[in-house]
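So, here's a batch of structures to check.
The following pair of complexes shares a single chain, chain A, combined with chain B in the former and chain C in the latter.
Entry: the complex of A and B
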């Protein structure tokens, strides 16, 4: 039994695309977890969901334009939407959650309509399924996709490390940091752009409907047990990477859908951390 | 094996058969559906450098290979380079996709794959194409690879459309119109 398992494992990992999936999956998980803590603390957990729907609409536009690499369309549209969402969220006329809901469902509807009116392939249902749930797209990456993902991940991690203290300050007391002369809007803009980058990257991994789970679950799990920002960030990153690795591994070995397997693993870890937190709080 | 001249659309579509969501979809059985499907996926398939196999025609003659015969041969103990029957649906789908994207890594290798049978005709009285189609884990996407069973006649030597089949053969290619095309040169096609 174990020999059979090891043989199968060796066979599967002899394919380069399995390694590509693992590399990209772990990088995306790391990036999304770093950002996840920030978004959860800022009560912007749902922005990921809204932006992913925007990305879905943008992919439909890219398909309409017949672009082989839809990144050129999806990324700018998602970044612009992220900036607009952030600014609209500060507008009293439209509340932040209403703006997210409006753009989210609007983009979803427009995207689906475009896909149906101007299908880029006969497999509309498959296209929609792949975009929404990731399907097996993480296992169909090419080397150039991996390179793009590595570059973007390095940018995200570098920005986060460089501006760690500023991001920390913006999250906890935006008014104070403004009074101190720091341009909080600029950092909010930076966070919005990074969020958009991660959303576009993560669409390959879990699909647009499940991206929010990748962003919020590791952060929420870490917050069950740890209290300091730094510890929560580190724990969140570890949880996210481990869950993504375990999810991809399980999916490859058991034949389950990649995206949902990763998210189910995240959910399981969240409940484990909830139980752990009961004991740690009692001790405290 | 007769290589027929055919438009690039047909060639491109022949292998990467991205049919609609489920195998129960009625359109897949419609006589017009294959043509429409080919036209629609032409650009996508060409961009993905997908490949196609030479088709056989319904008028092909010669000694036919019955299912019973092929079943026996497919149960042989000869070693196989790529036994996709031992993989789960996620990996089968991914390997076939990789086969289409990086065909050079697979040419000349023997292969066994399970899937369901589908066939299409691009134009009236034109060549008929045969596919083994594999759905992914979510069952919303399918990956198809064309096979050619030499010396066979349709429909006598082929299973019902959407019947589960096992195809055993060698991954082969040919060049036409400046493009390389990949298909399974089938030794046997066995209903499961």
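Entry: the complex of A and C
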């Protein structure tokens, strides 16, 4: 039985596409967990969902224009939307959550309308499903996709590490940091941009609807147990990478959809951490 | 005693409309200035102006040439986000050193030492590894004062610092602030708490609806008409303690 298992794994890992899926999957899981903590804390849990709908709309536009690589349309549109959303969060004319709802519902409707009016293939429902749930797109990655993903992940991780203390300070108390003469707006803008990059990356892995899960579950699990920002970040990165790895292996072996398998693993870990927190709280 | 700030007939506003006008006051080194005023009287606009985040619409605001943005350590009111933010006390105090970093990504030894000695000064060294959200209200304020002192050593601006604290913690915090003031730190405190202002402050700035009612020493304030009216009101309020706690929460 175990021999058979190993042979099957060996067989799968002789295919480059499995390696691509693993590399891309782990990198995206790492990136999304890094920013997940601050997004959850700033009540922007839904920004992943909102931006993914924007990306969905942008994909429909890209499909309409007949672009072969829709990344060139999706990426700029999503980044601009992210910046707009995170900025409205600070000025009170439209509340952050209303702005997210407005942009995401609008983009979803326009995208679906465009797909219906100008169908690029016969199977519209199938296309929508694939775009939203990501189904197997991670297993059909091309080497270029992997390179783009690696470059963007490295940028996101580098920015996060170099600005780690600034991100903490700005997210913990923007008023204090502004008063201390630090350009908080500039850092907010930077965080908005790398958030958008992560979400566009993540769409390739789990698809639009499951991105929020990838951003919030590791963060929520880590926040159950750990008490300092640094530990929460490290823990959520570890949870996210381990869950993504386990999810990808399971989906390969059991033939389940990649995205939802990863999220189910994340949910399982969340419940384990909830139980763990019951015991650690009692001790403290 | 050097002059820190001189304001002459300034008008403060928000998005083009004036909120409060006719403010004239002085802050010298070592002062303990208490800014009194009802909600909506423009206190938060004045805080922004003092911090250099909002320029006066008219009037003169003179600061010493060597004073720049960030030279005032600020203790903001708590936000909902902070109440569930996972952060250790040390991380928060250290974040007060951030302006010193500029573009440098990590804290250096001097900054870590400053954070350590400030925690010691405020008696929170034992809490360094604790989680901020699990501390009592009084301990949390000490942490935030430590952070403000890491950012600026000479002036502290405290925005309603005792809000939400129990009476014992309020007294402890007032004593701590008074002690910092005695050690040479200039204190600017925005407050609702009339009696504490009379007990601790050296100067009072009282803002009424959109204009200044009084500026001067606490002793002069008590003799002034404004001071007499408000001290009578405050004493009346003290006799109904329930109402008082309610206004303390907002």
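Observations, loosely collected:
FYI, the second predicted complex is superposed on the first by the 284 of 284 C-alpha atoms of A that agree within 3 Å, B and C clash if a C-alpha of one lies under 4 Å from a C-alpha of the other, contacts with A are read in each partner's own complex, and residues count from 1 in each chain.
Keep this in mind: contacts are C-beta pairs under 8 Å (C-beta built on N, C-alpha and C of every residue); 3 or more make two chains touch, one makes a residue touch a chain.
Small disclaimer: the values here were computed from a predicted structure and weren't measured.
Contact with chain B, but none with chain C, is seen for A:142 once the two complexes are overlaid on the shared chain. When both complexes are overlaid on chain A, the residue A:14 reaches neither chain B nor chain C.
With both structures placed on the common chain, the touch criterion links A:119 to chain B but leaves chain C unconnected. Shared-chain residue A:255: touches chain B; no touch with chain C.
In the superposition on chain A, contact is made by A:227 with chain C only, not with chain B. In the superposed pair of complexes, A:180 makes contact with chain C only, with no contact to chain B. Within the complex formed with chain A, the residues of chain B that make contact are 18-21, 36-37, 40-41, 43-44, 47, 86-91, 93-95, 97-98, 101, 136-138, 140-142.
Of all the residues in chain C, the ones that touch chain A in their complex are 51-53, 68-70, 72-76, 79, 81-82, 84-88, 91-92, 94-96, 98-99, 101, 105-107, 129-131, 134, 144, 147-148, 151-152, 157. Within the complex formed with chain C, the residues of chain A that make contact are 37, 41-43, 161-166, 168-169, 171-173, 175-182, 223, 226-232, 284.
Partner chain B is touched in their complex by these residues of chain A: 8, 11-12, 15-18, 66, 68, 119-126, 128-130, 133, 135-136, 139-140, 142, 251-258.
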